[in-house]
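Chain lettering (A, B, C, D and E) follows the sequence in which the chains are written, and residue indices restart at 1 in each chain.
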Amino acid sequence: MEQNNFKETVLRISGVNPKKCMRCGKCSGACPNYDEMEFHPHQFVSMVENGEIEKLMTSPSVYKCLTCFACVERCPRQVEPAKLIEAVRLCVIRQAGQNHLKPDQIPEMLDEDLPQQAIVSAFRKFTK
Amino acid sequence: MQEVIKQKAIELLSSGKADRVLGWKEGEFFYDITPAVFTDVKEIEEKFVYNAFCGPNFSKYLVAESRKDGKIAVFLKPCDTYSFQQLLKEHRILRDKVYAVGIPCDGMVDIEKIRQKKIKGITGVTEAGEVLQIDTIYGKKEVAKKDVLAERCENCKSKKHVVYDELIGEEGDVLDSHRFDLVEKIEAMSEEERFAFWQNELSRCIRCNACRNVCPACTCEKCVFDNPASGIDQKAAADSFEEKMFHIIRAFHVAGRCTDCGECSRVCPQNIPLHLLNRKFIKDINEFYGEYQAGADMETRAPLTDYQTDDCEPSVILTKGDQ
Amino acid sequence: MTVSYYPGCTLKTKAKNLDLYARKCAEALGIALEEIPEWQCCGGCYPVAKDEIATKLSSVRALAAAKEKGQTLVTVCSACHNVIKRVNHDMQTDEEIRDKVNRYRAPDEPYEGETNVLHYIEMLRDLVGFDKIKEKVVNPLAGKKIAAYYGCLLLRPGKVMAFDNPENPSILEDFIRALGAEPVLYPARNECCGGYLTLEDPEIPKKRSETVLQSAQNHGAEVVTTACPLCLYNLQKNGGSEIPVVYITELLAEALGLK
Amino acid sequence: MQVEKNFEPTVVAFCCNWCSYAGADLSGNNRIQYPANVKIIRIPCSCRLNPMFILRAFQRGADGVILCGCHPGDCHYTSGNYFARRRMTLLFSMLSFLGIEKERCRVEWVSAAEGAKFAATMNDFVATITRLGENKKLEDLRCKK
Amino acid sequence: MQRIGVFVCWCGSNIAATVDVKKVAETLGKEPCVVYYENYQYMCSEEGQNKIINAIHEHKLSGIVICSCSPRMHEATFRRTAQKAGLNPYMVEIANIREQCSWIHKDMATATEKAIILGRAAIAKVHLNTPLQAGESPVVKRALVIGGGIAGIQTALDIADAGFEVDIVEKKPTIGGKMSQIDKTFPTLDCSACILTPKMVDVAQNEKIHIYSYSEVAAVKGFVGNFDVTIKRKARYVKEELCTGCGACTEKCPQKKVPNDFNLGLDNKHAIYIPFAQAVPKVATIDPDYCMMLKTGKCGVCSKVCAAGAIDYKQQDELVQQQYGAIVVATGYNPIDLKNYDEFAYSQSPDVVTSLEFERLTNAAGPTGGVLLRPSDRQHPHTIVFVQCVGSRESGEGCGKTYCSKICCMYTAKHAMLTREKYPDTEVYVFYIDVRTPGKNFDEFYRRAVEEYGVHYIKGMVGKVSPENGKLMVQASDLLDNKQLKIEADLVVLAAAIEPDPSARPLATMLTTQMDTNDFFTEAHPKLRPVESATAGIFLSGCCQGPKDIPETVSQASACAAKVIGLLAKDKLLGNPCVAESNELMCNGCSSCEKVCPYGAISYVDKEFKMPNRTIAVRRVANVNPAVCQGCGACTVACPSGAMDLKGFSNSQIMAEVDAICK
């Protein structure tokens, strides 16, 4: 993946048009995990639009989105910020060796009640 | 099926439900079926037919018939019902004067196609399921019905009756037809090829007006081609412009109203594929303005009396390009 | 009535109760759950990216299997439900995804989103009817104040899931009422529990789950119920409260006298 | 196609009274030139243009026909140009289907303020028609005495 | 056979410098039927016009062609000239040889040749011209105003002031509209009732104005100058002419649990009620859904206590027929239903209110007597959060509106300011996306709210409102500080988008006027004819055309009245004679023309025709109302048989021009 094509890639795989955003901030008002994130949903939208993808890619924020879709549900302009965050994360983990979660890390994370669902979900989210 | 329909015709007439029955009877030849108005039972018993040559679409006759006294019963094949409904939509037929009976149709046969199979001296055709048994002066022959279907029936768009008072047989479905294949083929030609194709076809036109006379969309009180005031009333196909002019204007006049019943091509004595012009408009309308089938309902606005603010621009034609 | 049933991986292991009672209750209510043979894991969360094709295939296989039988596809795990319903929506509306998936699978008949996907609770409402459940209750959970926890997966995106009003749902409350208990309305019922982040950083689910349980308790809840094994895990493990959290099917089984 | 050196095409421009005719006047007010080949016929609205008129023009020897009207959304009669747009799209498509050079007909939306656009459009259209040469496919030989 | 005169103008050197005017005149003089030609320096001058007049007289001209400047310039002049000479003004055609010839060409030969062709086309056309007479229709000198809010009131008062009769149809029991529910008006903060109620009284006392309250328009027929309207007077079960508005019935009515719509359901009223003290007409109305007498036949208290004997339980809806020359639509707006905005907990908590509900909560005549108390526990709220743009400015794919509702920024600033003024201990937060305050003294007003009253304006949007522990937890973003806020509020006020009244769409169908996709009425021209609809004789006043505040509504209402007065002042209406006409013999009655007519000018009649064989056929044929037709010609092309033609631009005229140009 070429560096300068990140914006195009993000737009393509997210299917989001950040130009539709009117900068109301309802996404960030709705986000339950706002405080854990360095860049917030509304910033994802404007930064993608401004082409500042690398900044987002190197931020831990991409692993903090819960994909709960509250921002998508409430966006008055159907911008769908969560899809952008997902696309930025994919830009990271689709690069060689950039898996955020490695199988050998798993055992120590487990406890006996943890449902499989958490592991497969995390794997899908954090690995290529 | 013929018997069932015949009995229905008799019943309608004798019960007084209808004063007249519009049906088919044989003309000069067995395959030359013509429309007929029956007023007595005996006549029906003797002459009424319904077979694979009953192509004529009765809808147009109802414009005049529904204005006469009394009620007329009519038998409508699925595709005929579209024309019928389109005329109802245009207020051309008085609905309460017509008793419409929907009848099944599994395709009409083109006698020319039988002849093209080198079958000569045909004296009669009997349907036996998928096969046609053909009596000729040289003995019996057989052909598969699907091989000799009229073009419009090969590409049948619907087996569904969109309007009727009574239905004989089971209701069918709207079909996925390949009716635009040939239009697409012509579109894919180069400009010069297209011009040559149509020059070849249209130059055969003898301006007999049969296409117009049979067309269920051409029910104008006074046709522009017959009206000296219209400025386009020339009668004879004087030169190539005249041929094109006539057919373009006719196609345009029925655009958005033509149900694609195919009668124009059926009656053309010169075998010009006139339906392709109408289909071209139908295809364009579907592509540009969304799927529209004339006669399919009473409510939807005809595409040329409707618009969307974001319709495509005419320049779309320029960019479509020759494939 | 017979429906296709997609249990999902967690229901075979950590969430056996969710599965067990779902089957028992359905049987008692006259619905046969026919498990889809050789179903594969849905992947736990819906692949959002438009270019993700392979990750959608397991859902499409389950959907196509139900289509072949002409059956409605029922899931009970909220996560599976979210994934399968959204993939189905893609197959209905996204021409590119539909085309690629069908080319990849090369089935005799392409799948175009024909299958009707229902969550177990939707099945109870639409195919059985809460009124009929009410009639069949032998152990009314009278006097119990139960808080329904929807989480995010059942409701969002609202247009795709078409499950209930995503901001003010009522289906689980109606269900709780049918069982004779008293539903507790609290604003955090459609907030996220923190989900799979628990694997990497349990602090986040802790904050989220505490918020949910506190809100429920503020409004007088005695029991919290959910349809999602991961929600149940987070609320129990990270919720910082002793309030019991149970699966909806457990409540149903209890009320129907099957537990 | 071989273009005759001094071929001067006949171009008929149908202009709606409210926008494009006024636009053409404005082009005159500002002395912006365009070829004399263009002859304007004033119609109340682009929706007044019957496809018959276009065919008639070609029949009588026009080499190009252009329709100018108010921009979509600005029609003096609110909806006329929307109907015209559909009619012309279909007509042009049919002419192309019959193998007629599709560049011979055009629709342009020119407002009363767009004098320069009117002239530019006409310059371009006349150039296009000159390049295409004489209309042979649609003319009526009888009209050529 | 026409006798045509051709007059070529030099326009000083404007034409003559590039066009050989003499040659043009002489060449055109040889055209068939041209019996006179002339060229002159200034045809439009008095001298030039006299030449035309003389020529018409001397040569008995039946039609004239002027080769001159654009018809947009002097067509009217030359038509008057022809009329002075006794020639029908529509026997004049102009060949535009200035703007479209001499001014754009440099070469004399080219320009002259083109001028001749343009002249020929005009001659060809005038050959086929026929004298046209503009139709006349009388004007009924009475106006109908639909809607009795401030827009309708102002329009009615202004029309009445000019001496014309006006009827107001109002669907509610009283006029006054939304403005009667509002507490104070921005940016002056004067009391809404104080400025509105005197106007309501003016309406009541004006002899020229008649109010049909509790009534609706049921049907509209006719056309400009001559509308025939059916008004449905709904049964109010009280005889309007007898009721004195004493209120004894309301006091004694035992049914007290009727949601009070005037207070937006924030309190209850009686089953027989007068909406508010200053109602006009001040007449009681019975709510049939709650009245025990009407529902069960048991009660009748109001009838017993009514000294005037005004109660009539047997009253029926009544239809009134009335003629009008002009109709004004003033149907107003409503806040949208917030059922799709449950993230703000509107349906979950009584303490989440709309801005209009907030008006009632602060209004002295409202449910709390003007003391700001929150609905749930009637306690004074200490923290109030205002949320702007709820349902406005959305993408259109969701449930909201795509437009800006225009008034919310200002009324929210007003609410915030008034709250801080009256209750300085209250913290007030306003969440905004943009603050839009164009208007006289508007931005100053908003700045005062911030600077003098200390309202916290936060750029950002509320994401969720959660009712917890008797408070409303507001989670929102502050985009400028880039943080998420969690505010414990006591009251949340939502600035709901406004939308046209639901009665507007069926009304538009009845009036054959156009609406946009948002159901706002479309004006005839967005800039130049903003208070008229495209349908002649239908005028637009107030929010039915688009969101407006009170000052804007009132100015539009007066502008609308001016247009109505201009129409009613005429005794007869002269139409544009270049209208469509259907040839009945050729008409198929297919309705194609009717569908493309933007004015509803075409109707259908069944007509008898004598047929060749002495029979009579009845056919449905199109009928164009020349008073309504504007002459666009859309119908002429839609008509498949060519039965529809346009006078002045007929098929044959245009084709004659084509022929002349292409020859």
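We take it that contacts are C-beta pairs under 8 Å (C-beta built on N, C-alpha and C of every residue); 3 or more make two chains touch, one makes a residue touch a chain.
Just so it is clear, the structure is predicted and the values come from calculations on it, not from any experiment.
Trainee: Indicate the lowest number of steps between chain B and chain C, counting one step per move to a touching chain.
Mentor: 2
Trainee: Could you tell me which chains are in contact with chain B and with chain D alike?
Mentor: Common contact partners of chain B and chain D, which must touch each of the two, are E.
Trainee: Quick check: more C-beta contact pairs in A-E or A-C?
Mentor: A-C
Trainee: Please identify the chain with the largest separation between its CA centroid and the CA centroid of chain D.
Mentor: C
Trainee: Average the CA atoms of each chain to get its centre, and name the chain whose centre is farthest from that of chain A.
Mentor: Looking at centroid distances, B is the chain farthest away.
Trainee: Chain C to chain E: how many Å between their CA centres?
Mentor: Averaging C-alpha atoms per chain gives centres 51 Å apart.
Trainee: Could you grab the centroid distance between chain B and chain E? Build each centroid from C-alpha atoms only and quote it in angstrom.
Mentor: 47
Trainee: Could you work out how far the Cα centre of chain D sits from that of chain E, in whole Å?
Mentor: 36
Trainee: Using mean CA coordinates as chain centres, what's the gap between chain C and chain D in Å?
Mentor: 63
Trainee: Give me the residues of chain D that touch two or more other chains.
Mentor: Each of 51-52, 56, 79, 83, 87 in chain D touches at least two other chains.
Trainee: Indicate the residues of chain B shared as contacts by at least two other chains.
Mentor: 230-231, 304-306
Trainee: Would you pick out the residues of chain E that each touch at least 2 other chains?
Mentor: 343, 464, 596, 638, 651, 655
Trainee: Let me know each pair of chains that touch one another.
Mentor: A-C, A-E, B-D, B-E, C-E, D-E
Trainee: What residues of chain C sit close enough to touch chain A in their complex?
Mentor: 8-10, 13-15, 41, 43-45, 47-51, 55, 77, 79, 151-152, 155-158, 166-167, 191-192, 194-200, 204, 208, 211, 228-230, 232-233, 236-237
Trainee: Using the touch rule from the top, collect the residues of chain B that touch chain E in their complex.
Mentor: Contact set of chain B toward chain E: 67, 90-92, 219-224, 227, 229-231, 253-254, 257, 301-302, 304-306.
Trainee: Which of the residues in chain C come into contact with chain E in the complex?
Mentor: 165, 167-168, 185, 187-188, 215, 218
Trainee: Spell out the part of chain D that touches chain E in their complex, as residue ranges.
Mentor: Answer in residue numbers: 10, 12, 17, 21-22, 24-29, 31-34, 36, 39-45, 47-53, 56-57, 60-62, 76-80, 83, 87, 119, 143.
Trainee: Which of the residues in chain D come into contact with chain B in the complex?
Mentor: Within the complex, chain D contacts chain B at residues 51-52, 55-56, 58-59, 72-73, 79, 82-83, 85-103, 105-107, 137-142.
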